[in-house]
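Below you'll find the structure, written out as structure tokens, and then a few comments.
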Amino acid sequence: MSNANADSLVASHDPNHPANLICELCRLFYNNGWVTGTGGGISIRKGDHIFIAPSGVQKERMLPDNMFVMDLETKEYLRVPKSLKPSACTPLFLAAYTNRNAGACIHTHSQNAVLISLLYDKVFTIANIEQIKALPKLTEPGYLGFFDTLTIPIIENTAHEEDLKDSLEQAINDYPATTAVLVRRHGIYVWGETVWKAKVYNEAIDYLLELAVKMRQLGVPPDGAIGSERNTRVV
Amino acid sequence: MSNANADSLVASHDPNHPANLICELCRLFYNNGWVTGTGGGISIRKGDHIFIAPSGVQKERMLPDNMFVMDLETKEYLRVPKSLKPSACTPLFLAAYTNRNAGACIHTHSQNAVLISLLYDKVFTIANIEQIKALPKLTEPGYLGFFDTLTIPIIENTAHEEDLKDSLEQAINDYPATTAVLVRRHGIYVWGETVWKAKVYNEAIDYLLELAVKMRQLGVPPDGAIGSERNTRVV
Amino acid sequence: MSNANADSLVASHDPNHPANLICELCRLFYNNGWVTGTGGGISIRKGDHIFIAPSGVQKERMLPDNMFVMDLETKEYLRVPKSLKPSACTPLFLAAYTNRNAGACIHTHSQNAVLISLLYDKVFTIANIEQIKALPKLTEPGYLGFFDTLTIPIIENTAHEEDLKDSLEQAINDYPATTAVLVRRHGIYVWGETVWKAKVYNEAIDYLLELAVKMRQLGVPPDGAIGSERNTRVV
Amino acid sequence: MSNANADSLVASHDPNHPANLICELCRLFYNNGWVTGTGGGISIRKGDHIFIAPSGVQKERMLPDNMFVMDLETKEYLRVPKSLKPSACTPLFLAAYTNRNAGACIHTHSQNAVLISLLYDKVFTIANIEQIKALPKLTEPGYLGFFDTLTIPIIENTAHEEDLKDSLEQAINDYPATTAVLVRRHGIYVWGETVWKAKVYNEAIDYLLELAVKMRQLGVPPDGAIGSERNTRVV
């Protein structure tokens, strides 16, 4: 593909075009403290084209012109922006696209995710909180209910981000009902059928992680506390 | 009502029109972390017309065109926006309109509300804090005084939001002086005579819930601590 | 003064005009959580004219047209905006103008101020923190040094805000070096020679109150901790 | 240099001109709570010209016209804005320029920095957190790895900011791998090859300081906790 054609892949006046949306969402994530210090990343799929934010740049200052575009089938780059490096998250985004047919994948360094990974062992679970209902069941249609337990696997971090691929895929296979994987001392990967679903899932999960940290600070057990005998159910 | 007429119910250049105000206030609530992940909801009444935000959408990205409109008398929808689902909060908003002649009702997933519901049993009470004075007495004219106790009932959550209706109405009846009901492990419902009063009450209550959580973290009893012998009065 | 003349007192294109500045600063204070739920207040003096935000309104939504104007000499209102009530803080603002020749006075319901008033008895003190240097000595020219101790008196709250006047004036007299008074379970009053000094003092004090709360949460004594033997000096 | 020429040093339509960038970044830092109450400072180098924010002003309200410009070789001011005082941080910024060939130096009163200086003795260290990878090795090319330990020296505060120069230079010499120095009970100095690197380093470090404070609050050892046996390595 000629260079001019490649540039046309990221040039659009539509605010919902992936190249524009990645920039807008990263500004939002930056303001939430999720991608400061160049941390984190995001990828959106449009048909067979995968748009990926570059590595090591200030996520809140990206322009559509900074985006990599990859062909999902051939795994070849259709567009490589000048002087930028591809994201080390790329194999992990591909894992979500390939194994889950995701439409977008978000990676943050949320401090809530890091703290939860220091407080929980192999999985994070939380139950009986209304916000759980924003998350999908996945193994069957529909969303989790209030009395359901949300379970998110925690994988160990590796020296190089791309080396997380195997354990991330293992977690995706071992936990078919999860739409996210926590990476110990690192952050979280969240994906969804569409970019908006991925965004909402990430928001709802971060709300629950933050709440669980606060519950720990207050000495409240995540699945118990006042009213629990009336308001929780083992499932 | 024809479709064109129904659309005119939500089309207005007046920023204080309910359909516009719902969008503006939800952006504010989103920035406060009260309605992230599609959580929460809001409804405003204008005469006999009730405007209601739809279910399961990103609350900070709504447009006036997304609003449902219901007739308070007949409980029939005057306007149903295409491809959107009515809010499961609707029966609860109606409870506030019917039982309290409210002008607006706000529902949030505020983490302060959830945490307080884990720390208190059947009611949340707080006394001798100046911010209490922003809240109405209701059973008589005027506002609470500094030495008064604010009491907000806590009801148990249910699997389906609409099933909260009976216990919410029970709480409204049992606590005629309250302008809010906490829902355990879920959030809070706050209403007021006008949308601005509902907004102010919700802000003042959330301030008090947040303060009570922080007092607990610091080991300060909500109604006591240094200066209490001089500065508090049992009422 | 005729009504038209009275309105001209608050109509100006100069962003630094008191009526405009009160609105701008209150939006800032609202975003800091200092004046939510209609709490708090502010007054700016321009010569012998005192501009005062009204009582019981949403502080972030005020317009210049909402401002009261009082003559400092005669204590008579030069302008009373329609359907608004004078602030109950007015006697307290006057105390700062009269006793300290202040140019502006800020009142917030900062949660940091309320929490500190629950943790300290008759005064709040903090020493050996760089931010102290933003605050004036007052009893002599210049600013506090790093090794100085900042002392802010705490007065007891009263049922009616205006009844704080006597104890506020007492504190102003008893603590000639203070530019602020904490009100237990209520908030803080901060004043300065100009509106910008008052704003800066309020910011610096709130920073120190917040830090002292966090130090308490971490079990660090406000005037001690690691490095204290090398880095603090009793003065 | 004539006055007109001196003014041309800070007048530019380029948003990346140091005089413009200082203003933009200080607004960002203010919103992060790093430079409230006139605290903190920043300097950017462009060739042999050093641009420095003035002392004692509201950092979020500065204009390009407020900037000092100094010649790095001669240490003479090329531009002195009217009625403003040079920053007391100037000798410390020069230390970073002279000893490290920095392109910019940021000084904040971040509460995370102050709190960490109260919890750690002579150095702050943190290991096995992904965000560490945003920081440079300096003593060799490239960035720190996940299993590396970030070490930031802590120096004692002095009565006058300029007196920090000797101990700051000592710390710079003693810790050739550091791009920042914590000042006990005061804040932090962070520098980098370019202004953007300095900004990113400061963000990444503050993230790590904040995380370490939260880990302490939760009783999690900075280099240990669940998963540590699998996910940490002594280096």
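The first chain written gets the first letter, and so on, giving A, B, C and D; residue counts start at 1 in each chain.
The rule is simple: contacts are C-beta pairs under 8 Å (C-beta built on N, C-alpha and C of every residue); 3 or more make two chains touch, one makes a residue touch a chain.
Quick caveat: nothing in here was measured; it's all calculated off a predicted structure.
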item: Classification of the chain C:chain D interface as same or different, half of numbers criterion; value: different
item: Centre-to-centre distance between chain D and chain B (centres being mean Cα positions), rounded to whole Å; value: 44
item: Where chain A and chain D are represented by their mean Cα positions, the distance between them in whole Å; value: 31
item: Multi-chain contact residues (two or more partners), chain B; value: 217
item: Contact graph of the chains (line, ring, star, complete, other); value: ring
item: Of chain C, residues touching chain D in the complex; value: 128-131, 134, 145-147, 196, 199-201, 203-204, 206-207, 210-211, 214-215, 217-218, 220, 225-227, 230-232
item: Residue ranges of chain B in contact with chain A within the complex; value: 33, 36-39, 58, 109, 111, 114-115, 117-121, 154, 156-159, 183-187, 213, 216-217
